[in-house]
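Going in written order, the chains are labelled A, B, C, D, E and F, and every chain counts its residues from 1.
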Amino acid sequence: MLKGAFLGGIHPPEMKHLSAGSAIERAPVPERLVVPLVQHLGAPCQPMVEAGQRVRRGEVIGSVDALVSAPVHSPVDGEVVSVGECLTAAGTRAACVTIAPYEDQDFEQWVRVEGRDVPSIVRAAGIVGLGGAAFPTAVKLVPPKDLEVSTVILNGCECEPYLTCDHRLMLESPDLVVRGASILRTTLGAARVVVGVEANKPDAAEALRKASDGTDVEVLVLPTKYPQGAEKQLIWAVLRKEVPHGKLPAAAGALVHNVGTAAAIAEAIDLQKPLMERIVTVTGRVARPGNYRVLLGTLVSDLIRAAGGFAGEVARVVAGGPMTGPALGSLDVPVTKGMSGVVVLGPDDAAPPVDGDQPCIRCGRCSEACPMFLQPFAIGTYANAHLWDRAGEFHALDCIECGACAYVCPTRRPLVQLIRLAKGALLAKGVKP
Amino acid sequence: MKHLMQVFVRGITRENPLMILMIGLCATLAVSTQFQGAVFMGIAVIFVLTMSNAIISVFRRFIPDEVRIPMFIVVIASFVTIVDLVMKAFVPSVYAFLGIWIPLIVVNCIILGRAEAFAYHNGVLASIADGLGMGIGYTAVIVLFAFVRELFGSGAVKFLGATLVGLPSWYPAPAVVLLFPGAFVLFGLFLALWRALVSRVGEERGVCR
Amino acid sequence: MASSPLRLVASVVTTCVVAAGGLAVTYSVTAPRIAAQERAAEQRAMAKVLPDAARFEPVAPVLLDAAKKAAAAGQIEGLWRGYAASGDDAGWCIRVSARGYGGPVRMVIGLDRNGKVQGLTILSMNETPGLGTRVESEQWFLKQFTELPAGFGDRDVRALDAISGATRSSRAVKNCVAAAGAAFLAIRGR
Amino acid sequence: MTAAAQLALLFVGAALVNNILLTRFIGLCPFFGVSSSMSTSIGMSLAVVFVMTLASGATWMAWKFILSPLGVGEFLYIPAFILIIAALVQFVEMYLKKASPVLYRAMGIYLPLITTNCAVLATATESAKPGFFKMNIALGSSLGLGEALVYTVGVSVGFGFALLTFAALRERLEAAPVPEALKGAPIAFITAGLLSFAYVGFAGWFGL
Amino acid sequence: MEAALVIKAVGALGVLGLVASGVLAIASRRFWVEVDPRVEQILSLLPGSNCGACGNPSCFATAELIAQGEAAPSACIAGGQETADAIADLVGAERCEVAALVVARACGGGTQAQRAFEYRGVPSCTAASRLAGGPLACQWGCLGYGDCVRACPFGALRLDDRGLPVVDLARCTGCGVCVQTCPRGGTKLLWLVPEGSYVVVRCSAHSKPKDRKAACARCCIACKKCERVCPSDAIHVVDGVAVVAYGSCTACGACVDACPQQCIDLYGRGRGVDAMAADGAGPAVGPRSSSMPGTDEPAEAS
Amino acid sequence: MSEASPEGRFVVAAPPHIRARGSCTSIMLWVVGALAPAAVWSLVSMGTPAAITYASCIGGALGAEAVWNAVARRTQTLADGSALVTGLLLAMSMPPRAPWWMSIAGAVVAIWLGKMVFGGLGWNLFNPALVGRAFVVLSWSGILSKLPTKGWYQTIDVAGNGSLDAISGATRLAIAAADRAAKGGYGFDLAAQYQPLLFRNLQGSLGEVSAALLIAGGLVLIARGIIDWRIPVGYVGTMAALAAAFGSDPLFHVLAGGVMLGAFFMATDYVSSPMTRHGRLVYGIGCGAFNAIGRFFGAMPEATTFAILFMNGMAPLLDRIFAPRTFGWVRRDG
């Protein structure tokens, strides 16, 4: 029995075998890249280019001065076709720069980023959390003065079913991950740096161990359980400390970064390379499931074409993991920094769609599954009746939206959606999280 | 006159103490196992309500605000005691059935409520009309409810020894109707029915006004 | 707008005085009537349970005390000697109460000279309508007591049937009868 | 039976077996009125425990030292007792308002409701006036002061317990898709009825 | 004996009364607490729906603020002119004019709007709009799950059979709760118009007219016909969508007749339009009565 | 815009996009399946009267739900299986020879008053089957106590014992209670009753025929994770402990009466039991305590129905008291 299992959680079918075995390949350069100017959590960037302008690979095309933000770089050499609104995976419309790449691309060349120290280089490289949240990494490298970060945790859990991009990265480039980990540790002045890997990826853990030989990077194998990769659960598993309600993880003395982010940091520091591409798992009902190195701004439709197109009947296409990723209404949305996968679900794999409210039979499975020890049934029930205050009494704002509750619900209540509604209403009322 | 009539009718329909204002419930549920007891309970309430309304209305200018509640309640208690003694003297069997509920008329929220809300601010005639209306509204409901409960709970409705209505003998009277769970549940259903039928009428009148 | 304290006190006291006076008068008017009602009810009950007797006389306090002591199962409230119109001894009437489900069950029990139950009736009870009150409405129940032998004891009473679903009320009635039997044994012959 | 056991029985009998709300229908107005949320029902329960105990003590004294010696209790007890309760409640309300606004906000706003709460008058009468106490415990025809207080506390705790239970049930019903005609009071009555089904189960416990 | 009983009774109850009233009399002096009676009075004048449009959490809080003079007598938005006047009289302030508002819906799509994908989940506009922006192809359109209907504290909205919320102008107080609730509130799908407005354009889309037409059969196509027929120069196509200038509109109804998309409606409680009749609450009577009873939309052209 | 999907429009719903197997219906069917052996055995042992009771209870429950849904214009909810479970549980708590009309009345009350008035499945505050049973027991105790019975106990004098809850005439429990009241001890050997109580007990309700089959069914449900062990363990454990404390045979008291049916199948009803772990344990203990005290010191020898109903009423309060601590709210290290 591995130590470190948090309480609650679920064991969904992993479905990682579809793509875990195939090495990362580069997706072809599409005819057109649509690069959104907001690919992160925080202030949107202002366009720095205009239509008709030539851009070089790595050139900044969007930037803003706000603290919580990250610049956007052109992933290719090409010509700006237009600057305007387009649809994003989240369904919102955002300013985008559309670029027509030239025929010949040299992937070993880029406009180098510059900076005084690690945080400023990371910022200039436009690095954000690649696990999905897309929070600007530079901000996290400068924690509040009153909080001491004693442990940096690298998240290599990849607990979402289907996704294998982190797995492949750890397996194929463990040196990058270890190098990133060391940079993070020294930058933050932390005593420890731990890479947490779920037990279902023994080969990745082994590769990391080998790579970290002789460095101060620890590799910790954690039990396989969803959502092991959630920030608070991971900190608890490694440190046995709870992040206090409403506080930053640093309050528990820890900081969590995704392994992919660490690799990107290593590249930014050592190679002065901005974030222009990422590894995306394309899996499920596609002809060639696998992991692809994808230029940011590639449309999902192009990516699916690169993976051989749909195989069989398709019910839903999910951007990211099937537990938390948004379902796509249209495939003409670009890959962004936070998109770790495109999962194509058939009618049999996907959750049966539910209309309206289903009765809660109070079986209590959602409470058992909730890694935050909430009572999702109660929040859902009150949210459904628009009794937001009551939902707030059940700590709706502490929900991390991992989806474990809705996954186990035997009557298939849309619990996550209901809780999100409650959270939205509570925040609108000015309730502090 | 028209005004008095309005006041009177209001107590029975739009502001029915039991069905709309939801006050004075305790005795209703407790004594409605017996049609006969309910009738006498109703009469007692009408008497106390009307008399106390009248007296309080007459003396309302002499009642200081600070001690109005104790004074109201002494007046009401006196009439209740009169009812108590008279019933004991003349209808002992009914008195034995009603038991503690006669003294508890004092704290029936309807009576103090009307004294405070109506009689203290209105003239004698209007107060009497109000008392009668409220009392009759109360009595109508409690008698009807008791009728239903006794009929379905024991198979027949009796009044002073005579059987008024009886169900066929094969009807297996469920005793639960007469027990306290039955009282609550039936009153809930009664309330729903009343709201569906009677209140709607009241609402429409409200619009026409 | 606060009134003077004197006025407050005066108005409350006046109300109280008037109310008290009125009630005292009402009481003195109704009190005899209430007493008469109670006596009449008692007489009616006694005549019913001991039909042979024409008049009833309360027994001496000594006997009543003895009876009270002897009756463990219930509480003896009154004890009368019944006399037939001819002046013969007709038996005893015992008013007795025992705890039931909703309060005391008060009964009057008539015993003949030998201590056999002549009749019994329930004066008052507060049992659950439809359940406990079946001790009165189901006639076989009270009737079975008249078949008890003269000089019956506690065991004899216990052996009789109870009404299912009304255990406590049945037990109260049985206790009353058992108490009456015990009282009779204690005062017999005196 | 020892005296302590007797008192314990008296308490259990008053609180559960003869629960004043669910088996005797006394005090229903606040039961339905303030049970819509937990916090108000907690305040109400506290107020009832407090006032009921004071009132029972006061009426017991009044009976013992004024009404009974003068021989006027038989017809004066109703006005006398209710006058005592009304004055007491009003006094407590005024006092709390001035002395402890916090406590006043917590339970003071329920105090006016208590004057017309039949539970208080019923319990005070049962405690003070011989012949009204109906429980099946051999305590003689009237209660001593100690017994009266134990009984009263038992009744009021039973009141509070039933009120809290009921409030918790109603909180669950808040979001329920109850049929339109039954919304509000009717469903509350039905819930109370089903809850009192459970209290039938107490019938005859310990011979009470 | 009777006399003795009466005296005893009088004595007993008299003493009790004396004690009780004496204690209360003293207590009422010692524990006197000042309460502003005007709070209660103001509260009784307010609508009491706790809609929150005034920015205070409850009507009681507003009443307290008004009584303390920290809020204007006209603070209550939902109450309108009458309430403001009554409160002003009560607190002895000057009466002032309140700009009365009602809510209007700038979308006529409903079931005729195109869906980009199939939405399955909680039937709520807010929830739907958060999943890929909602199923409508038009990002400005009414999603039709009725969040506004549920939110309205005055019961002034209902969903009609086109899946669109219609306003009962007799009940609408212009409190704006629906506007705050509507996930498209920021794009003026629901918005507050002055009470004296007469027409409303049932489209608020800002995409290219061509895209718009593909997304919805009922959109404004910026054809400018309304602009040309308007005798008082009160309607103009701004940013690709018709906009009414309420100051100069005279409710002549020319634009309503001219619109080829039937996307302009007579509306509002203004002069000549019966309050009960507007926006689907009943047959419209006024300068022009082309509305079908029960809808706020002219009869189908086809 | 290119239409990339082969079928046209996609489905968009909130995450998660995958779901665990199992549904409300499958849970209900598992409960039915776990009850089935005991039910079939009782049917075999008791014959036609049992068949009539089963048919009228289940038919009444399904019919009542269908009628309510039709009248209230709700979507039909028979497929969720909850009405079937309610009907089956009600039947198993009825005496075999109960008149058919009584079974139907109980089933209708169970569904309408116990469930539908609150808004249907998931909203009922009390176990519907127990509401139906309590209604029947309180309404027609007189008729129930006079039902024709057969078996060895008829030779035992049960005079002086009638009870509110004695739904099937003189059950073993009733006899035990009567004996205890009369003599202060038991007139028969309790240990000798284990075998009939476990395998073939023809006195009592339909669900009391075989405690062994009920236990087996209950264990299957616990093993499948459908019911929480805390409730039955708390219930049965408390019952046994208190029986021993009151100076009687714990095993007899656990096996006799409806304790097994109640502990495994009635008290564990999801909707009317607490949702928190501690709450469930306390709830089970409360059921056991109420049942034991009611059995030894109450007016009725069998108090299962009211014990569970009472604790149903307490469930929301228990959930409030034992609400889980949210992660991160109170610091807890290690």
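Just so we're on the same page, a residue touches a chain if its C-beta (ideal position, glycine included) is under 8 Å from a C-beta of that chain, and two chains touch if they have at least 3 such contacts.
Keep in mind the model is a prediction, meaning the values are calculated, not measured.
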Could you tell me which chains make contact with chain A and chain D both? E, F
Would you indicate which pair of chains has the most C-beta pairs in contact? A-F
Which chain is most remote from chain A in terms of Cα centres? C
Just curious, how far off is chain C from chain A if you go by their C-alpha centres, in Å? 85
Geometric centre distance via CA averages, chain F-chain C, whole Å: 44
Report the inter-chain centroid distance for chain B and chain D in whole angstrom, where each centroid is the mean of the CA atoms. 22
Centre-to-centre distance between chain F and chain B (centres being mean Cα positions), rounded to whole Å: 41
Per-residue overlap in chain D, given as positions that touch at least 2 other chains: 72, 75-76, 79, 83, 86-87, 90, 171, 182, 187, 190, 194, 197, 199-200, 203-204
Could you tell me which residues belong to chain E and also touch two or more other chains? 5, 8-9, 11-13, 16-17, 20-21, 24-25, 28, 32, 116-118, 120-122, 127, 131-132, 135
Can you list the chain A residues in contact with two or more other chains? 326-330, 353-354, 384, 414, 417, 420
Within their complex, state which residues of chain D touch chain C. 72, 74-76, 79, 83, 134, 136, 203-204
Within the complex, which stretch of chain F touches chain E? 9-14
Give the list of chain D residues in touch with chain E in this complex. 62, 66-67, 70-72, 75-76, 79-80, 83-84, 86-87, 90-91, 94-95, 97-99
Residues of chain E defined as touching chain B within the complex: 13, 17, 20-21, 24-25, 28
Touching residues of chain E toward chain C in the complex: what are they? 1-2, 5-6, 8-14, 16-18, 20-22, 24-26, 28-29, 32
